[in-house]
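By written order: A, B, C and D. Residues from 1 in each chain.
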């Protein structure tokens, strides 16, 4: 289970990091360009350490005002260097606390654009590989990023969004769609268990779709219901016999 | 010989990095908070590599508009985390190019404030030590930073500003003073040789002052005369029998 | 009654603007440098309009990461221009909604520094006067800013912090002090009424101190209790026969 | 004749404002989001005043690192509010110096995107109209922005790029094309005169294309040859009997 954390910035608070951290295994830590600042990064890495949660970099576009959610047309070397910058900065905090960065998960618009664009994904994975080839890349199964990361020899963790509806082609239903988000914890847990045990999920049109073996389940941290959902998933999956570990320990 | 480089930001160009780099042994690379952006950092580390110049981090206050030259009252842990962030980001680029960061030199107002404030210096050196205890700290001889860095067990390179006038107490004459800057290359080279060979420099009032053995000479990169000065120093010192090497090789 | 509002930034939410606005008469709107972004400013001015609340500019230091709360050593013309920039930007939104900016209240460290520094206050009031000499300046009674604003011919509204403890000299007790904040609405209302009716307030040491006639009472918007406090003050003062109007209508 | 000026930011210098200003009639002043800072804006408006040059706002995307040249997918109200913010801020400086803002010219990627997108153009022109309906909009003839600005009742100044090659459809040849830029001042002046006198320009393929009556000629300020070009255009056009005035005086 992974969650985007450390996205506060200075006096601007986002999320419930302290209450989510106990229920997850991997924390995706914002690195200062879309959210997160040096102080928040230090605090988040330290909090993850305390809860034995693996730390990952969560690089986004350099767009604090848009929280990295607005598409930006960057040159490929700009993307590459923005990823190196952010992963490097987080590695600094990891080293300062005698731990290390386990994975990289892209944020917001960069995540979405890389999922469908192999050239962009190549810029990202080149950056990741150059800085540390043992880093694991989190990606949507079947996405361009997943393909490219695998091709360049990086380990890939397939990610499932337990609270998001899926289209038949395995992509996420847009947040603009009224049925894009599941809020009932029971439903979300049920979907998560089905995906893990049977590699199957119901698409928004009701049909079952097959997905690749899923390695990590994403919980959103910035909604009011997030803590309950994280807790429910942790309990529900454990009860269903799923052992929750950080991806670095089994990939 | 060291020089502050990589201080451009996006389309905003500062300095003459390409022309200065051939004449120095250590480059202090801006890390994004007062100047420098991910693309500029990548280019500067790559340029340093090509010229066998050692790479150092040049962290400053988070004040792009003020180029890190305005004093800011940060909490000690804010200083600490800003230093970790910037050094870590540069280490990312160093790793991506199979090299490493040799030293840390503070920038602008942070440099000046740490020179006279031991508590602030402690926040800085704690950050440096936590991230990599083999990093060398550049400091003004007799400064608070030099003392504290030495006390916590970090290597310190004493720095001499060849083109700046000195007060009798070894501090720099303020830039506001009309005689604060030497522009004649011959004069600058002469001062540099005297400091290296005799550990002595003439203060602004004419009296000779003793300085500690100097390990590195700072050349400013952002003035029109900078390239000529760097070249003159390189030639003059070499001719005077001074072997120029990056500080990491002899400290 | 005034309150600092519109301090959110992009996805980063601060305060309870919608719930505070109905209870106040003047809104101090952040202008983008310490908080607030163009979208937030538009929304806040529009919200103020809907509730017939007078709009004021709330300029701060250019330090988003520090929320304008960290002291910065700016040159006087930098301060002047930062104030013009922020007031001008807010006037843009005011004009676009057929309203106007009534007052200027400094934010955070800039407020505190101007309160004790006449030179800095002069830079601020010169900026305000140049842009629109009918603007009212909010200031602590007896502060440097109050004096200077009065001297240059600007109208000044004396401000009382109903939930903050005062020192005997009329300055605010530092937030670091355990008794610096009053949280009990009854106590806060009582203090406000006493100040308005009798120009008197109990200092932290128990002695009564005389204050100038108070024109506006500041309510903090970013605490959980803020809405209740604002509501209690509005009711309490009205019940005590105090007519609440925006300062522009009586100063 | 118009030129983009005031694009420096803090210590980062761009362009030759002092040397270009004497040769133009309209200055497009950057407003802080892609370049320009409060101090630079103050200085540029003051410089324009001294040379009797009309002042215009030059709003761009909030992307300092990319100098507003990278396409960003902003929501329409985000665009609208970014324009109000920037025009308002510049009006602040104009008012502080007893002058006013004459026109609005979009910058970089925002200029290019608005030229081809009517919905985006509508967001921009709504902002301009709301803030001051007497503002003149600078636009490429036949562009979406020109059409929309005209439709909402704003005055439009058609702009000709004297040093840029044109495609047959009246759009600019991309900067990536080897023949996109004219550098020979004689050639540039000749093209400008032909456009003004005959409403005709040679496209990159050699064919003559008709253009609308041109009201303003853009000179780029950030190239080394810019000053010479501006001077040559000023002299050449004057000699050819063209009277150079700011657009506000005849549109």
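Everything that follows uses one rule, which is that a residue touches a chain if its C-beta (ideal position, glycine included) is under 8 Å from a C-beta of that chain, and two chains touch if they have at least 3 such contacts.
Just so we're clear, the structure is a prediction, and the values are computed from it rather than from any experiment.
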- Go through the assembly and pull out the chains touching subunit A as well as subunit B. C, D
- Quick check: more C-beta contact pairs in B-C or C-D? C-D
- Query: In whole angstrom, what separates the CA-based centres of subunit C and subunit D?
  - Reply: 39
- Measure off the straight-line distance from the CA centroid of subunit B to the CA centroid of subunit C, and report it in whole Å. 42
- subunit A: positions in contact with at least two other chains: 37, 65-66, 78
- subunit C - residues contacting subunit D, complex: 32, 37-39, 41-42, 77-78, 80-82, 84-93, 95-97, 127, 130-132
- Note on the structure: Interface with subunit A, subunit C side, in the complex: residues 8-14, 35, 37, 64-67, 69
- Message: Under the stated contact criterion, what part of subunit B meets subunit C in this complex?
- Response: 62-63, 65-66, 70-74, 78, 109
